[in-house]
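Labels A, B, C and D are assigned to the chains in the order they are written; within every chain, residues are numbered from 1.
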Amino acid sequence: MSDDAPQIGWSRDEMARRVALDIPSGSYVNLGIGIPELVAKFVPEGRTLIYHTENGLLGMGPSPKPEAADPELINAGKRQVTALPGAAYFHHADSFAMIRGGHLDLCVLGAMQVARSGDLANWSTGEPDAIPAVGGAMDLVAGVKSVYVITQHCTKTGEPKLVDRCTYPLTGRSVVNRVYTELAVIDITSKGFELVELCPGVEFEYVRERTGAPLLRR
Amino acid sequence: MIDKRVQGPSEAVADIHDGATVMIGGFGEAGSPIELIHALIDRGSKGLTVISNNTGSGQVGLAALLKAERVAKVICSFPRTANSTVFPDLYRRGKVELELVPQGTLAERIRAGGAGIPAFYTPAAVGTPLAEGKESRTFDGKEYLLERWLRADFALIKGRSADTHGNVVYHKTARNFGPIMAMAARVAIVQVRSVVQPGAIDPEVVVTPGIFVDRVVEVREPRHESELVAAGATYP
Amino acid sequence: MIDKRVQGPSEAVADIHDGATVMIGGFGEAGSPIELIHALIDRGSKGLTVISNNTGSGQVGLAALLKAERVAKVICSFPRTANSTVFPDLYRRGKVELELVPQGTLAERIRAGGAGIPAFYTPAAVGTPLAEGKESRTFDGKEYLLERWLRADFALIKGRSADTHGNVVYHKTARNFGPIMAMAARVAIVQVRSVVQPGAIDPEVVVTPGIFVDRVVEVREPRHESELVAAGATYP
Amino acid sequence: MSDDAPQIGWSRDEMARRVALDIPSGSYVNLGIGIPELVAKFVPEGRTLIYHTENGLLGMGPSPKPEAADPELINAGKRQVTALPGAAYFHHADSFAMIRGGHLDLCVLGAMQVARSGDLANWSTGEPDAIPAVGGAMDLVAGVKSVYVITQHCTKTGEPKLVDRCTYPLTGRSVVNRVYTELAVIDITSKGFELVELCPGVEFEYVRERTGAPLLRR
């Protein structure tokens, strides 16, 4: 879906902007591949986030100008990036010590499904001929202090992605803290999905109908 | 006089035997020791177990080693990449075995191998299909999986510079798995752009101390995988 | 703007509460953060658990903290040193508890705490009195002991230089436990001879990335324990 | 005992020289505190050993000249040392990864007792008022490829230090490969103590009488 297409709710950029609003200055953040990467573009003026990429860089900056491009300075999505002043390089065991040891404040990930328990499925459809590939997702959700998900509310065929129980293989159990969709911001609490905020112009009932488990008002 | 230099990539990999377990550094193309991998293809060793984060792209480097059907098993976290068709094809045809490991667990298992830690507990993958068949245990009310070390016969690694004692420094995010693979392999082979004399690298900035390194090979102008792929290169 | 500087040692340790677990860097005097320890003595916190390789010498630094009877328990590998009389005296009088840990196990338990590894197996101490009460298990025919991670509320560490983001480099063998203690403490406090701006430390040579560091204090001319001891100094 | 005192067998320096003879060039070596440190003085011309000190330095050199002394460049015995060209500093977890991971070729340690099984006791007399202190000894014997012991053959009161079973608390079980005393060089094999070499002028019987377990000729 192009960002320009008419749609109900926030655009992808607006979703990313909404996530960025919630991240305190000084946070150490890991942004997953894809939509989560957009978050970095919308950090409000005056806030500094420090980006971690699990392939060994803290203090990651934006894409390089062509003349500064280096095929060996890349992010976890294997795109070329830069290192900001105050950056540090380290090896993979140290990088995942940061993740597993609870040193990162936040990671923002995409999702196939999120259950009301906070279970996350985002690595495999479980189809028999799929090439399984997990990367660092299971380590991130197991170790990072807060896990935010940014995702369309439903699949392309209209199925809810916020569900009672995930049917896809899990990435982690009870790991998601908050979900940002084009329709709403929703927390995972001990009671399940709890609405934090509706996209302006979107009705609660509209979101509830498209959510595969009870959606509570706060 | 300690001098770990060897003449070139062919000499460096000359004793990698059929059935060897080989760790190969790199995350995507960053840190991929292409020249050493190509020498290993030339060497012809078969039935290898390869431990590497990815499975290469295009038809050079790691993907070329796979395409030549020299690899019986891959232990990795992410066998799909842009321009990666070789592994998926072999895997679907049942020509290569895959052990899929979460990336942080892969790194820690390698580090454990190098550090003499036979097993450890990790929270990653608890409750997921990758926990199947694994022992789990609760510490302080939280569940963890038991994971075993990984060790290898050989490691192929790309550094920026090394001295003749084998002290290595790396280049940016090409560091990734290099330092821990050097620790976990019986024979660690490092290709670098320049080999220098002892004392030329400040002891404060050495990343991989020489004790972990067995062979150093100078490859002055290493190729980048993405450039080779863009040019449609194949190997051999 | 990220700026982890605090005014001085007193401010740096102001919230170290009674009963806190405090990791203190250093191997002998190398890397001992004397100025931070003295500030902690001034602070008056009691009932501390101290994790440190040694127990200090003379009547300054770590030994002075012990002498002031602020430490309920010490976790360390080698509580005896030349000129070390304070700990032996307290220990014989039953004034301080000791958990003796082999040095490598101590280091690995601290690193595990920082890396989120709740437990691991090690061959050290198998068959010795230090294995008593510990679980053991055989892997590949060899026996290992299960060891738990160590974590702390605070770490007091001495570096050479740090930037305002908390990236630290060390001085020679004063590095020792600093990098792993920074990882394993909820609040890591580092004293350095000079605080510099981000960008002044090459990202390739950073030893402790800023994510592990909470507070940076400039102590331009740190004292050496051996010089203080030779001069017969006491603290306070 | 002073090295100048008349005695039977090798002096301490000669024992250290005898150890040094057996270490191949290129070995990575950790020398324990005390007599083992002397070994470095006697490495034959043309051989290079690389010394590891567990407090974070590979490529350790001799004591510094006074003007180069640095209280923060010390060895495991807490004496000031130097770093040779090709040296590297590292933290404690990495240092013991070298030890535990089997990367060091050899360590040379002192001993209170060595049993015919290779058990070593060198850290504690087990007396109730002793301050227990173990340092890195248990890690070294558990991880280093070869463990050599250098010790007087008997205690000051004439008790054998090579014994059937250690009575002092163990440092490690079945860990010692070879023992160098002032009287002989003795291997630990599956059969027990096996004589490798007698100090010139010392009789086999003399050594056997002073050894607390069977001493086999090869």
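The definition used in the following text is that contacts are C-beta pairs under 8 Å (C-beta built on N, C-alpha and C of every residue); 3 or more make two chains touch, one makes a residue touch a chain.
Only a predicted model underlies this, so the values are computations on that prediction, with no experimental measurement involved.
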Label of the chain whose CA centroid is most distant from the centroid of chain A: D
Higher-contact pair (C-beta pairs counted), A-C versus C-D: C-D
Distance between chain centroids, defined by C-alpha means - chain A, chain C (Å): 36
Chain B-chain C separation of Cα centroids, rounded to whole Å: 34
Separation of mean Cα positions, chain B and chain A [Å, integer]: 29
Sites on chain A at which at least two other chains make contact: 57, 83, 89-90, 93, 96, 99-100, 143
Where chain B touches two or more other chains, by residue: 108, 111, 115-117, 122-123, 170, 172, 204
Full enumeration of touching chain pairs: A-B, A-C, B-C, B-D, C-D
Chain C residues touching chain A - in the complex, by the definition given at the top: 1-2, 111, 113-117, 163-165, 167, 183, 197-199, 203-204, 206, 209-212
Complex contact set, residues of chain B against chain C: 108, 112, 115-123, 137, 139-140, 142, 144, 148, 169-170, 172, 204-205
Parts of chain C lying in touch with chain D, wherever the complex brings them together: 27-31, 53, 77-82, 87-88, 91-92, 98, 100-108, 110-111, 122-130, 170-180, 207, 224-227
Chain B contact footprint on chain A (complex, rising order): 53-57, 70-74, 78, 83, 89-93, 95-96, 99-100, 119, 124, 126, 129, 131-139, 142-143, 169-173
Residue ranges of chain A touching chain C (in the complex, touch as defined): 25-26, 28, 48, 50, 52, 57-59, 83-90, 93-94, 96-104, 143
